[in-house]
Structures are given as structure tokens and as C-alpha cells.
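Note that chain A is present in both complexes that follow, paired respectively with chain B and with chain C.
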Partner chain A sequence: MSARRLIALGALAGAAALLFAPDLAAAAGDAVGHGAPAPQPTAADYPRIGSLSGRTVVWVFAQMHLFLAAFVLAVPIFVICIELAGVLTRDPRYDQMAHEFMKISMAAYSFTALSGGGLMLGLILFYPMVMGYMTRVFQGQTMIYALLFLMESALLYIYYYSWNALRYGNRKWYHMSIGLILNTVGLTLMFIANAWATFMMSPAGVDPAGALTGSVWAATRNPLWNPLNLHRFLANIAYGGAIVGAYAAYRFLSATTAEERAHYDWMGYTSNIIAVAGFLPLPFAGYWLMAEIYAYSQQMGITAMGGVLAWLFIIQAVLIGTILLAANYYLWCGLGRTDEGMRFGRWVKYIAVVILGGFLVWVTPHSLILTPAEVQQLGGTHHKILGPLGIMPAKNIAVNLMLVFTFLSFQLFYRSSRTPSVSWAPIGNAVIVALYGVGCLNIVGAGIYGYVTPTVYKVGASVPQVATTLSIIVFSAIIDGFMLRGAKTSKVHWGRMGQRSQYALFVLPVAFTWLMALMGYIRSSLRTHWHIYTIMKDASPESFIPTIGEAGNIITMITLLFMALIVFIFWLSRLGSTSQPAPAATRSVEAEA
Partner chain B sequence: MLAGGRWLAVIAALAVWAAYFYSVDAALMKAQGLPVGWDLMPK
Partner chain C sequence: MTFLKVMTFSLAVLFTYTLFANVLPQVQSNPPAEEEPLAAGDLDMDGLIAWGERIFRGKGTCTLCHNNLGRAPDLLAVNLAKEFSERMADPRYQGAAKGATGAKAVEAYIRESMFEPSAYVVAGFGKKGSNDTVSPMPAVDKPPISLSEAQAHALIAFLEDRAGLDVTVPLPTGEAVADNAGTADSGGDEEEDGPATTAKAAIEKFTCNACHDLFGSEAGAGPKLAGVGARLGRDGIAKAILQPNAEIAKGFEADIMPKDFADQMRIREFDLIVDYLMTLKAG
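Our next item is the complex of A and B:
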């Protein structure tokens, strides 16, 4: 067996062992035995520091840690894919870009650890009884988490600093093996942290009083664990892609040579593709998470989507619409990179109409905040036209069509530099056009079906809609893949992009960050006045859902704070690759030597 | 390819995709325990 295979096998075995880390922790927990009931704190059990709001301190640290952790965990995932692409295509540009992505991630890593430490301190300081109970439930798993964190740090540094030492031949496979283990450790860390967060929402493995009845594994594998794992995995990739895209845009705008501009244009394009690829399946993962929340506790589901928090889903729609519009705009601008690209330009206006129309339907609220006089004037609480557009069937049609047409934008861009040369290309095109046509009709039809059938069928019909969107994406990509084999390619003029297109890349991380902060607030608020839902009540003076206005201010403040940090990280990354020109005296000494 | 042949391909593809989406829709509704008839309406 070759050394390369041995390395790959070793890496896989290590990765598999690490994936079972929660099981190892479970075994550690079983050895300790079953615990006592959950403590029920009183207001006196929450330490106070002056007029400082403990909840806000923890909120800010938790959200900042989540942003940074999402970024630093996501980057190595797509970096290893780009590294592999470099090996397979033998194109050194991939390797250079992957290395540069890692450089940005490295600058963010210490801030991730710092915010994590701040969060831990805040939790122990302001919520000691909650932390005491959580530690008792998860026992040895907390130690495994700490160990994995140490491993993550060590592997990340080894992966980054060995880049040039392990660059070619068999050594490259060593390097990618390190990357594989790094990603496995990173994902395991995230899965463990997710188990703690979801245990607080949907506790399992404990009796109604909170005493551990099963193993730690039972508490880990609670009903919301896997939906959150999938949702965060995809969201991290989209988020990481968006942030490195902003870095590429920053470097593009400040580039002084055509070569540099071309490089960062290509980097921005790749980042946008990563962000869109992570984002397209994300609404479906979110839908699964929400469906599981409803299945676990209908009351929790109604708190999210039927109560005061429902209004925030309108803001969510605004932000997601912004993300899709920005990503599409960037792709449309990219058509100008090739001489043939503009032949697809005439289709852009139709795609824009669908995406804008979907956006408007998605942001339509079902109920309006009205004065009694306005209700009287309207003849009811629901507007006769807007009312039907505010419910899920309309929104499901809107979101699915927006995703399908975003993929179409990408497909047009991909085609703009390739002309199929296979004889059956006209038939292939006809099949793709028919797929889009019938698929879109099916999405609209399934939505209308929701208006004429009982609620259970309405919810059920959303599943075929998702399957249709995925079918369109998968089948048209497969047909395109075969059809464009041996296609005539035309030159892509990297760097031939307007400056406005780069601002679309700045919009993406801002909207993503705001969105994540907003949804984090919603997810945490679902526990209402419970620390651990139905097990351990929050008796602190802040045991209430913050008002939308207050939450909006804090969410915006956190977003601005994170953006300031990102600007600093970008500046640091650029500083690292900047060299001061040697003074004349030094140059002459060097020349003499 | 002749224009007529292309239209034939479009019509054939429309029929195939319609059959595909119908069967997927029906299978997914039934998999969720929702009784549906040939027209996919509740039984």
C-alpha cells in the first residue's frame, strides 16, 4: 500500500474516531451515574454587577463567538475542497487562493477564542446555577470539548504553517490529510456545542424534574440536535464564503495592477459561488428545523411563527431577499467578463422580475398593526389582497422560485464562456427548458393546492415544492455537465468587472451577519421564561423576551461590532502581505554583498 | 436539427418531466401519510 493511501486511511480512521467523540463523552457520563433534579434558582441566585445586564453581556459574547466560530470553522471546509481542485486540475491558482483564504481565517482565530472565553466567563459569572446543571448533565463531554478545542488550535496552526513545506507530490496529500482531520475536529466541536444549545430548547435523557435518566448521549441526541447541525453546517459555509468574498472585493477595489485585479475578481467569483452553494439548500434546512420545533412543542412553534416573533420573519425575508438580489446582481455583472456573455443579458430582466416579485410576496405580512379606525376602514384585520399573500403557500412559491432563478443566473453565467459542441445540444437545451417550465408550474401548483386543501395538506405540499427545486438544480446541472463536455470555451476576462459589482459582495456578509443575529435572538427567545425548557425556570429579573425594539438595537449593535472587527481582520491580512521597500542605503549594501 | 424536431423534443420533454413531477409529488404526499387520489386531492 502506498504511503499516500496509508495517510488517507489514517486520516479517515482519525476522523471516524473523532466523530464518535460524543459517544466517548457519553461513556464518561455513564460512569458517573444518574444526577439529582435540576436546581430551581430564585432571584437571589443570580449575581449582579451594578446595573450591568447579565443577559445582554452573555448575548453579545455568544453572538460574537458564533459569528467568528462559524467563519473559522467554515473556511477550512471549502479550503480543502479548493486545495483538492488544485491537485486535480494542476492549476496553481487554486492553491494560492486556498492559502489566502486560510490567511484571513487565521487572523480571525484568536478573536474566536477570546470571544469564547468571554462567553464562558459571562455564563459562569451571571448564570452559575445554569452552568452547574449543564456541566452535571454533560459531564465528561465538557472535557472532550476542551480537548478538541486544543486539537483544533494545534491542527489549524499546523495546517496553515505547513502549507509551503507540504506543497507538492505526496507531501500535498499529507497536508490535505491534516486538513481533513482539522475539519473533523472543527465539525465535532460544533456538534457538541449544538447539543448543549438544543438541550436547552428540547431537553432529552432527563426526567421532568431534570434528573439524568439516560446517558449523556441521550441528552446529546435531543430532538433538535440534527436539524440544527445541518442548518449551521450549511449556514457556516454560506457565511464563510460571503466574508472571504468581501475580502476579495476589498482587495479588488484597492488593486493597483491588472494582474492583481484579475486575481481578486476570480477570488470574489469563487467566494460568491461558495456562498450561493451553501445558501441554496439553507431554507430547506431551516424549514426542517422549524418543523421539528413544531413537532417537539407546538407552543414553541407558535411562539416563533404565530406570536410577536412572527414579525421578525418579515425582517428575515427582507434580509434573505437582499442576499439573493445581491448574489444575482453580482452574477449578472459577471456576464460582462466574456465577449459572448451579453447574449444572455436579455434574460436578466425576466429573472429580475421573478426575484423581485418573490421578494415582495415574501415580505408581505399576514396581519398588519392597525389602529381601530384603520381596521374599520379596511373592513377587517386582513387586507383582501395582501392577506392571501401573507400566508405560507404564497411564501413557499416565492422562496422556491427565487432559489430556482438564482440557480438559473448561475447557469447562464457558466454558459457565458462555453458553447456546447455535442450534436444533441439543441435537444439538451429543450430538455432543460422543459424541466424549468414544468418544475416552476409544479411549484406554483403545489402552492395553490395549499389554498384549497386542509392545513395538513398545505404543510405536506411544501415537501414536493422542495423536491421540485432540488430536482431542477440537480438535473439541469447533470444535463449541462454532459452537454458541455468538450465545449468550445471563450476567454474569461478576469478583472473586467465594474466597481459596483464589488459592493454587492460587501452587502452579502452584512446581510448574513444581521440575519444570523436576528435568528439567534428568535431561537433563544423560544425558551421564553425557561433556561432549560420545561425543566429549569429563569427566575432572574430578565426572564422575559426582550421587546422587538430593544432586540433590534442590540442585534444592530452586535452586527456593527462584528463588521468593525472584520474590517480590522482584513486590514491585518493585508498588512501581513505588505513589504516596506528597502531604503537606498540598505539596497546598496545588499548589492555589494 | 430542424425546427420541427426541436419542438418535438420540447413536447416529449414536457411530458416526461410532467410524469416525473407527478409521481414524485404523489410519492411524497403518501410518504407523509396523506391519503391522496389520482388528482392528488385529499381522499
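Our next item is the complex of A and C:
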């Protein structure tokens, strides 16, 4: 067996061992903690430090840690994919870009650790009883988490610094094996942290009083763990892509040579594709998470979708709408990179109408908070035409069509530099058009069915819509893949992009960052006045759910902090590749020598 | 310069989101209020029923699912007396009230439904995949609802009253019961001020004056009601409230007036409104 295979097998074995790490933790957890119920704190049990808001401090640190961790965990995932693409295509540009992506994330790593430390300190300072209980439930696992964190650090540095030493031939496979282990450790870290967060929402492995009845593994594998794992995995990829896209856009705008512009245009394009690829399946992961929330506690689900938090989903729609509009706008501008691209330009206005129309439907609220005068003016409590657009069937139609047409934008750009040469191309094209046509009709039809069926079946009606959207994307991509084999390609003029297009790449990270913080606020608020839902009440003076405005202001403050940090990280990354020219005197001495 | 332009643009996007969050309706959700002791004798039977209704719409969070959206039987819309007897006679029902009849049997059935929701699940309302053997409803005495015995009694009294049955649960007795007769809210998004006691309060509560010219509102979205007492009579007014689409006044459209006042109003409130409208004789 070759050394390469041995290393690959070793990497896989290591990956498997780490994935089962929670089971190892179970052994430690089983030994202690049984029998004692969860403590029930009173207002006096929450330490106060002056007029400092303990909740806000923890909120800021937790969110900053999540932003940074999402970024540093996501980058190695798509970097290893790009690295593999470089090996398969033998195009050195992929390797160079993958290396540059890693360089950006390296500077963020130490800040991730710092914010994590700050979060832990905040929790111990302001919520000692909660931390005490959580540590009691997960104790063995916390040690494993710390160990994995050390491994992650070591592997990240080895992966980055060995890039040039293990660049070609068999050595490249060694390097990618290190990357594989790095990603496995990183994902395991995220899964463990997710177990803690979801245990607080849907506790398992404990009795109604909070005493451990099962193993640590039972507490880990609580009802919401896997849906959150998938949701965060996809969201992290989309988020990481959006951030490196902003880096590429900034470098594009400040480039001084055509070569530099071409490189950063290509990097921006790839980043946008990564962000969109991570983003397209995200709503479906969100459906699953919400369906599991409803299955765990119908009350919790209704609190999210029909209660005090319902308005937040209108903000979510605005954020996702701007993300999709920005990503599409960037793709449409990209049609100008090829000489053939403009022949697809005439379709852009129709795609824009669908995306914009979908966006407007999505942001239409259903239940309005009205004064009697407004009720009188409106002629009822709901607007006659807009009211029906506020309910889920209309929104499901809107979001699915937006996703389908976003994929169409990408497909048009991909086609703009390729002309199929296979004999069955007209049939292939007709099948793809039929796929889109029938698919869209099915999405609209299933949505209309949602109007005439009871609420419980409305959710069910969204399943065929999701399946249709995914089918359109997957099958048209497969047909394209076969049809464009050996296609006649035309030159893509990388760098031939207007400055305005790059600003779309700045909208993505800003909107993603705000969106992630908003969804974090919603997820935490679902526990209402409980630290651990139904087990341990939050008796602190800050146990209320803040208003949307108050939450929005804090979210903006955190986003600003993160943006400042990212600017610093980008600056550091550029600084690292900047060399001071040798002084003239030194040069002359060197020349004489 | 590029840096400044990029930052200005990004901050503009960021502050647009912030502005949007601040212009939406602002609601702070507070945890349930601290419970205050309720002295025995504070409540008569009407008070107990009214308290039960507040719990139904507030702390009990019953209306989150028991509404017209189909997640659970709409207890404010169905004929409860008929439903209770049919369910107790269902061959699938094997609970505490099996084979029994009368008001006490209904009380036992309601109590069992609240404390052991999975003892009997109405067909079509079970958890997905459970074949109607597991209810999605939480037991009302367990977190997160955690009703006390007295609160559960009040809720039973309210449901018995809705069903037109005699209330069989006792009034709170003893030195004091640590229950809250106030409007504690545990996450429900509705606020209930209790039943209206005057015609004006009832009309304002159901915002009739937002569309009809009542109490000087000069509203014109609905028909003028001056002279309605002479024009429609008691039965006609009652029908117009409960079935607003049955007859549409000339010049007005159907589906404007809510069709669920039968669910929303207490009988007392309904009577107050009808009595008041009957006084409007002059056209």
C-alpha cells in the first residue's frame, strides 16, 4: 500500500473517530451528575457589574465568536475543494487562489479564539449557574472540545504553512489529507458547540427537573441538533464565500494592472458562486429546522412563525431578498465578460421581474397592527389584494421561484462562454426549457393548493415545491454537464467588469452578517424566559425578549464591530505580502559586494 | 478613496436594515408576571369563568393552536357540548370518563385532556407519524405552561360554560391560593382585557366603530346604523353580526366585516351590542 493511501486511510479513520467523539465523552459523562436536578436561580443569583448589561455583553461576544468561527471553519471547506479542482484541472490559478483564501482566514483565527475566550468569561461572570449546569451535563465533552480546539490550531497552521512545501505530485495529496483532517476537526468542533446550543432549546437525556437520565450522547443528540448542524454547515459556506468575495472586490477596485484586475475578478466570481452554492439549499435546511422545532414543541414553532417574533421574518425576507438581488445583479453584469454574453442579456429583464416580484411578495406582511382609523381606511383588518400575499403559500411560491431564477442567471453566464457541439443539443435545450416551465407551474400549482387546504397541510404542500426547485437545479445541471462536453468555448475576459458590479459583492457580506445575527436572536428568543427550555427558568432582570428595534440596534453594533475587524484582517493579509524595497545605499553596497 | 467609497456604501446598506427594524411594530415580550396570592372569596363563579377565559387566551397559550388554522380543534368555534359527548362515546376513547355521562363526566374528560393530552387524541390531530396516538399538546401542569390547580379549575369552568353546561369545579377555597388572577402572559401574543361591561366598551373592543358610524366615529366603510333597530329588528341585527355576508347592504362589498364574531364575543357582549343597536330607532 502506498504512503499516499496510508495517509488517506489514516485521515478517514481519524475523521470517523472524531465524528464519534461525543460517544467518547459519554463515558466521562455517565460517571457523574445523575440525580441532581437543574438549579433554579433567583434574581439574586445573577452577578451585577455596575450598570453593565450582562446579556448584551454575552450577546456581543457570542455573536462575534459565531461570525469569526463560521468564517474560519468555512474557508478550509471550500479551499480544499478548490485545491482539488486545481489538481484535477492542472490549472495553477486554482491553487494560487485557494492559498490566498487561506491567507485571509489565518489572520481571523486568533480573533476567533479571543472572542471565544471572551464569551466563556462573560458566561461565567454573568450566568454562573447556567454554566455550572451545562458543564455538569456535558462535562466530558467540554474536555474533548478543548482538545479539538488545540488540534484545530495545530492543523490549521500546518495546512497553511506547508502549502508551498507540499505543492506538487504526491506531496499535494499529503497536503490535501491534512486539509481533510483539519475540516473534520473543524466540523466536529462546530457540531459539539451546536449540541450545547440546541440542548438549551430542546433538552434531551434529562428528566423534567433537569437531572441526567441518559448519557452525554443522549443530551448531544437532542431533537434540534442535526437540523442545526446542516443549517450552520451550509450557512457557513455561504458566509465564508461572501466575505472572501468582498476581499476580492476590494482588491479589484484598487488594482493597478490589468493582470491584477483579471485575477481578482475571477476570485470575486468564484467567491460569489461559493456563496450562492451554499445559499441555494439553505432555505430547505431552514424548513427542516423549523419543521423539527414544530415537532418538538408546537408552541415554540408558533412563537417563531405566528407570535411575537413573526415580524422578524419580514426583516429576514428583506435581507435574503437583497442577497439574491445582489448575487443576481453580479451574475448579470458578468455576462459582459464574454463576447457572446450579451445575447443572453435580453432574458435578464424577465429574470429581474421574477426576482423583484418574489421579493415584494416575500416582504408583504399578513397581520397588520392597525389603529381603528387605519382599519376604516383599509376597509377591514386585512388588505383585500395584498392580504392573501402575506401567508405562507404565496411566500413559498416566491422564494422557490427566486431560487430557480437565481440558478438560471448562473446557468446563462456559464453558457455565455460555451456553445454545445453535440448533435442532440436542440433536444437537450428543449428538455431544459420544459424542465423550467413545468417546474415553475408545479411550484405555483402547489402554492395555490396551499391556499385551499388546512394549515397543517400547507406545510406539507411546500415539500413538492422544494423537491421541484431542487430537481430543476440538479437535472438541468446534469443535462448541461453532458451537453457541454467538448463544447466550443469562447474567451472569458476576466477583469472586464464595471466598478458598480463589485459593490454587489459588498452587499453580500453586510447582509449575511446582519442576517446571521438576526437569526441568532430569533433562535435564542424561542426559549422565551427559559435558559434551558422547560427546565431552567431565566430569572434575571433581562429575561424579556427585546423589541425588534432594540435587537436591530445591537445587531448593527455587532456587525460594525465585525466589519472593523474584517477590515483589519484584510489589511493584515495585504501587509503580509508587502515588501519594503531595499534602500538605495544598501543596494549599492550589495552591488559592490 | 476606494476604501472610503466602499465603507460609505457598506454602512449605508447596514443602516438601511437598522432603520427598517426600527420602523416595524415594536413589541417586547415579557416573562409571566410574578404570582400574587389570591385570597379565597375573591372570585364568584362568573369571575372564575372570566379568569378561565383569560388563561385560555393568555397564560395557557391555548389559542396558539386552538384556533381556526386547523392545528387543533377550534374550541371557540365548535359546539362544545356536542363535541364532548361525541368524543366520550368514540370507541377509541378509553379514558377516565369512559361510559359516564353528565356534567361531572365532561369535567373529567376536559381535565384528562389538559393533564394527559395523549390519553385520547382527536382523529387527525395527533403528532405526525403517531397515527393519532400522541398529542402535540403539552400537559398544562408541566413547563412551559405550568398551570396551578386553581388555574386549571378556572379553565375547566370556562370550557364548561362555553359548552352551556353547569360549572362543576369548585371555587378556590382555603386561606389563600398562590395563583395569579391577573393577565400573566407566557408568550402568547394576544392581550385580553376581560369581557366588556358596557355597550360602548363592547363596540370599541370589537372595533365596530372603525367601520360603522357609532359613538360619533363618523366612519363610512360600513353601512350607517342609524335606524337599524327599527329596520332590522333584534333577529336581523343578530344575523348581520354573526353572518355578515348573508345580506350585503347596497353599495357595500362582501367579506369586509369579520365573520368570526361568534367565536370572538362572549354572549354578554353580544347582547350588549344588540341591545344598543336596538335603541337606534331613528333613521
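Convention: the second predicted complex is superposed on the first by the 591 of 593 C-alpha atoms of A that agree within 3 Å, B and C clash if a C-alpha of one lies under 4 Å from a C-alpha of the other, contacts with A are read in each partner's own complex, and residues count from 1 in each chain.
One rule holds for everything that comes next: a contact is a pair of C-beta atoms (placed from the backbone, for glycine too) under 8 Å apart; a residue touches a chain by one contact, two chains touch by 3 or more.
Because the structure is predicted, anything quoted here is derived from the model rather than measured.
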{"item": "Contacts of A:538 with chain B and chain C, given as first, second, both or neither", "value": "second"}
{"item": "Partner chain(s) touched by A:438 [first = chain B, second = chain C, both, neither]", "value": "first"}
{"item": "More chain A residues in contact - chain B or chain C", "value": "C"}
{"item": "Touching partner for A:446 - first (chain B), second (chain C), both, neither", "value": "first"}
{"item": "First (chain B), second (chain C), both or neither touched by A:507", "value": "second"}
{"item": "Touched partner set for A:471, first chain B, second chain C, both or neither", "value": "first"}
{"item": "Contacts of A:268 with chain B and chain C, given as first, second, both or neither", "value": "neither"}
{"item": "Partner chain(s) touched by A:245 [first = chain B, second = chain C, both, neither]", "value": "neither"}
{"item": "Set of chain A residues, in rising order, touched by both chain B and chain C", "value": "454, 456"}
{"item": "Chain B partner contacts - residues on chain A that touch it in the complex", "value": "426-427, 430-431, 433-435, 437-439, 442, 446, 449, 453-454, 456-457, 460-461, 463-464, 467-468, 471"}
{"item": "Chain C residues within the chain A interface of the complex", "value": "2-3, 6-7, 9-10, 13-15, 17-18, 20-22, 24-32, 61, 64-65, 69-71, 127-128, 136-138, 142-144, 186-189, 207, 209-211, 217, 219-221, 253, 255-258"}
{"item": "Chain A residues touching chain C - in the complex, by the definition given at the top", "value": "208, 249-250, 253-254, 295, 297-299, 302-303, 306-308, 310-311, 314-315, 318-319, 322, 369, 372-373, 375-377, 379-381, 384, 454-456, 503, 506-507, 510-511, 514, 525, 528-530, 533-535, 537-538, 543-553, 555-556, 559-560, 563, 567"}
{"item": "In the complex with chain A, residue positions of chain B that touch it", "value": "1, 5-6, 9-10, 13-14, 16-18, 20-21, 24-25, 28-29, 32, 34, 40-42"}
